[in-house]
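One structure is given below, represented as structure tokens, and several questions about it will come after.
The chains carry the letters A, B and C, assigned in the order they are written, with residues numbered from 1 in each.
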Amino acid sequence: MTSIFRDSSKSVMGSLNAQEKVLLRPVMEWGRGFYLTVGGLAAIAAVGVFAYFTQLRDGLAVTGMRDTVSWGLYIINFVFFIGISHVGALLSSILRLTGAQWRHPITRMAEAITFAALLMGALMPIVDLGRPERVLNLITNGRLQSPILWDILSITTYLTGSVIFLLLPLIPDMALLRDKFANAPAWRRWIYKIFSFGWRGTPEQHARLERSMNTMAILILPIAVMVHTVVSWIFAMTLRPGWNSTIFGPYFVAGALASGAASVVLAMAVFRKMYHLDKFITLDHFKKMAVLVLTLDILYLYLNISEYVTLAYKMQGPEKAELGELFTGRFAGMFWTTQIVGLIVPACLLVLPSIKAVTGLSRIRPLRPLPLAVGGAILFAISLATPFAQSFLGTDLSLLIAVLRVGVLMLAGLAVLSLLPWLQARPVTSFVIASALIVVQAWFKRFLIVVPVMENPFITEGNAALSLYRPTWVEWAITAGAMAGFLLIYFLLSRLVPIVSVWETAHAKSAETVAGPAHSPLPVPTSSPEV
Amino acid sequence: MGERKVGRREFLKLVGAGAAISIVPTVGAKLAPLARSIFSRGPHPGDTGGGNHRWLMVIDLARCDGCGACTKACSAMHMAPPGQEWIKVYNLEHEGLAASHYFPRPCMQCDNPPCVNVCPVGASYKRSDGIVLIDQEICIGCRMCLAACPYSARYFNWTEPPHTEQELSQSYSVETNLPHRKGVAEKCLFCPALTSQGMLPACVSACPTGAIFFGDENENAVTNGVGQTLQLSELLHEGAAHRHMEELGTEPRVWYLPPRTQPTSMPNEPSEILISGAEGVRVKI
Amino acid sequence: MLRKKRHVVISTLIIALLFPLPVHAHGQAVTISVGRDGYDDMVNYKVDVEAGHEVTITFTYDDADLATDNPHEIQILGAGVDLPTVTVSRDHPVATITFTPTQTGTLTILCIVPCIGMEKLVGGSIHVVKPKESGLSTSLALALSPRDEESALATVTLVDARGDPISGVPVTFTLHTSVGGELELGSPITREDGTAVLKVSAAPGQSLLISAAFEGGNGLGFSEFSSEITMPGDPETTPIGSLSSPTPPPVLALILLIVLGGIWVTYGTVVYQVFRIRSGGVK
């Protein structure tokens, strides 16, 4: 299906400058890709809705939650989404207050993430309720001493602030669309007219806008910190071993900022590809974001170490069982993967482009990923077959198996090393992989915060099998539906309004042409670069 | 130009905040009665008010043999949904060389109840007679109370509980939590429907060894199901009673006598000490 | 003297009406109907039997008028007895149990299966008492008065049929608790003037139901008396902390109001700015 606007918009597009053409094309042209994406995401979200109706009909027994583990995937999703939503505060607020000019192309994608994530995040606890039809009791019977009430108050406050902070810088772009996108359908024209608030670009209006944005920037940061702190307090205000920790406020806020910043890097990469925004989202932006993500990643790693090392040193009675499960028990795989692959490896990937020694590695001839991987696979296959040979031949081949295993590990390590120069030459790929790992780690880390603690209360069931948590299809479907819903809202926003702020980037670009580019030169890579 | 205006506003906000913070305590104290009258909510269905009692329970771990009659009687009487044991008998194991012992765990009806503190809608509430009740007409099923209770004493109706005609014919009362409904929290209530009639809770009556005592702190007397009534203060003092995990600050109202009692005579009771070398020491008091 | 006797009669009548006194069953054969309204249709069923004699209890099924069967399995628990359960149902409307209680005390009768009316069938009691001495009639009068904030005085006067005081004999005081327990408070010996006094610790506002009993012996008969007072003062109830109360502590509410109120007011100023933008531009 070709764009129904293409012909008519050609004449409209003619009145736009080059920059506006690129940025407004996704808004003005809704092609086949658009409808396919929306359709696909909506389908997944619909599966989630269907699962929820099953839960409404049969009760929460359709989930894997029971009296021992009474909070599960829904609360995990809630904390995850609220965490991701902190990116808006980070970019729009902190970067604005520190005067970082490079933020302009990405502030709107960040604020949009905040908006979509807050919507989905606020939905999750309602999905989790046993009597959702009584949700208004929270207002009529609300008790201010409850951490859940603090959650509600702070999340609604943050959502309102985010909406305001999303709409404010949108005003000039809405005006642009109002003026230049005459062929839009009536409902979109109406949106652009309303939300442009009569913008004409006068100095007085600019002054008011700047003032409002300054106010919101100062306000939104403490609100964001407050939000995730009170979210952490639904855990930290209980006595459960593993949750009864004073560090939870800063812990959760740091995790939120890290996962939020990482999600913006992902959004940057995706939109750059999808909407051809290479001129606006440059390598320099990725590098600056990489510094941010790295800092927050290291900070979160530090807080993780703080929390777990102080607990592990003492192995206090009730915590012993829970820590055992985390370090060497059922959750050991998830725990060590989130810490190493989810936090340490991304940190390495993020600093990779700056490590000069890595470029030297590519000069070592044998160090090529493919031969090493093939060699490792062969050795692995032999090590699997050897036990059969052992029983067949009757001789003791365990030494051979051990040697083969060591060999596999060595070749795997070398293969990873050989990948490093390749990654270094593709810094954006590095950063994207690192960010993806951090975002996925964030979800599983929330799982590790909720589930192992609930499986190990003070007074445990004798029968361990009864207290294990196994999420059911309903919970997974609703989780997938929530993720799809988040992506759907985000995607629709990026098509309704330009995802890169037109007026702010024009503003910045003009400042840049006067002052000169602000990035530093890179080491020249040997293989083909990806700018 | 924008910067200066922001600076002035910031300063004014700081001054205002400072003034507000300094008058908060005084104004707060004055407003307390007013707030209480504005925010007071209606009575809970079936709540008879509890009278001038301060109920508590004393469980003699030396007498508990783990038979589970208390659980059966409670579940039968309250038609507890399947899987819920409002009084649950654990076999509490200790690390290392200490022996395990049976541990009946009702709701502790704490005086600083974490479940009441965290309830966002006030469905869980503390009554003046010491019992923590649940108003299941208000409960939204968020399960924050299940997360907050350190004694694992709370349960949740994950599905619609099975009903009998008799159960459905009753109108809802917070003193019975009948009829049960899905999506709300449940727990031991110290049988207010029975105690308001001068009877003992079901678990107390049903215990064949008389391990569970129940009574009014004001009367300084506790009674068990085999007809023994003892003076509370003496029992707690002589028996070296403790409360489970009281270092958590929950101030539970259930006292436990240690699993091996001191061979001392209780007031008003004939004491018999049976010591049999072959079977080990059995102390009957 | 006459007024005092009328006092005694009226008080006894009132107490007998308000508090179900045990049914004296010398014959040691008791019949109890078991149904959804309780034992003998009573909520707090009590019966007295004498220690050392064989007791036969016949339970009868009282729920025949129900459409469905409502079986009850009755267990008798107590010190010194180890009895099997008996079941009454529509098909077995009568069940008997015979035993000889050796110790004095209270035995509990309860139904241990889920049945309609179970909440009325968990608290029946059998009082096993020492056989009441018969002999010359004696009479007891009990007076309760608050002593100070924490205690009350129970004064008993024991006289014989002629009104002469009986001295040098023990009188047992028992506190009847609000859950049907009976706590022995003490057994002071009567003095020359036939009186005995016991100090009873009590809480402010507490209702005390105390009975005094003279066992009899040496040719004198049994007598008992119950009396009740309410201590002065406000009863103590468990205090409810500010975190646990249904209304928020005012300091918390004020802080939230100020912080959140400040934020929302600031939102308001921003929205105002937006409206000023609008009024300064295209309509």
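The rule is simple: a residue touches a chain if its C-beta (ideal position, glycine included) is under 8 Å from a C-beta of that chain, and two chains touch if they have at least 3 such contacts.
These figures come from a predicted structure and were not determined experimentally.
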Just to be sure I understand: the centre of a chain is the mean of its C-alpha atoms, right? Then which chain's centre is nearest the mean of all of them? B
Between the pairs A-C and A-B, the one where more C-beta pairs touch: A-B
Between chain B and chain C, what is the separation of their C-alpha centroids in Å? 21
What is the distance, in whole Å, between the centres of chain A and chain C, each centre taken as the mean of its C-alpha atoms? 63
Which whole number of Å gives the spacing of the CA centres of chain A and chain B? 42
Chain C: which residues touch two or more other chains? 243-244, 246, 248-249, 253
Residue numbers in chain B touching 2 or more other chains? 41, 117, 122
Find every residue in chain A that makes contact with two or more other chains and list them. 143, 145, 211, 215
How about chain C: which of its residues touch chain B in the complex? 43-44, 75, 77-79, 105-108, 110, 112-116, 118-119, 122-123, 125, 175, 177-184, 201, 203, 205-207, 235-241, 243-244, 246-251, 253-255, 258, 262
Residue positions on chain B within touch of chain A in the complex are 1-3, 5-6, 9-10, 41, 83-84, 90-92, 95, 105, 114, 117-123, 138-144, 146-148, 150-152, 154-160, 182-184, 245, 248, 250
Applying the document's contact rule, which stretches of chain A touch chain C when the two form their complex? 143-145, 153, 157, 160-161, 164, 168, 171, 175, 196-200, 202, 204-205, 208-209, 211-212, 215-216, 219, 223
Counting only contacts in the complex, chain C reaches chain A at residues 242-246, 248-249, 252-253, 256, 260, 263-264, 266-267, 269-271, 273-283
In the complex, chain B touches chain C at residues 13, 16-17, 20-21, 24-25, 27-29, 31-32, 35-36, 39-41, 51-54, 69, 72-73, 75-77, 79, 111-113, 116-117, 122, 125-126, 128-130, 166, 191, 193-195, 197-200, 202, 205-208, 210, 214-216, 218-223, 225-231, 268
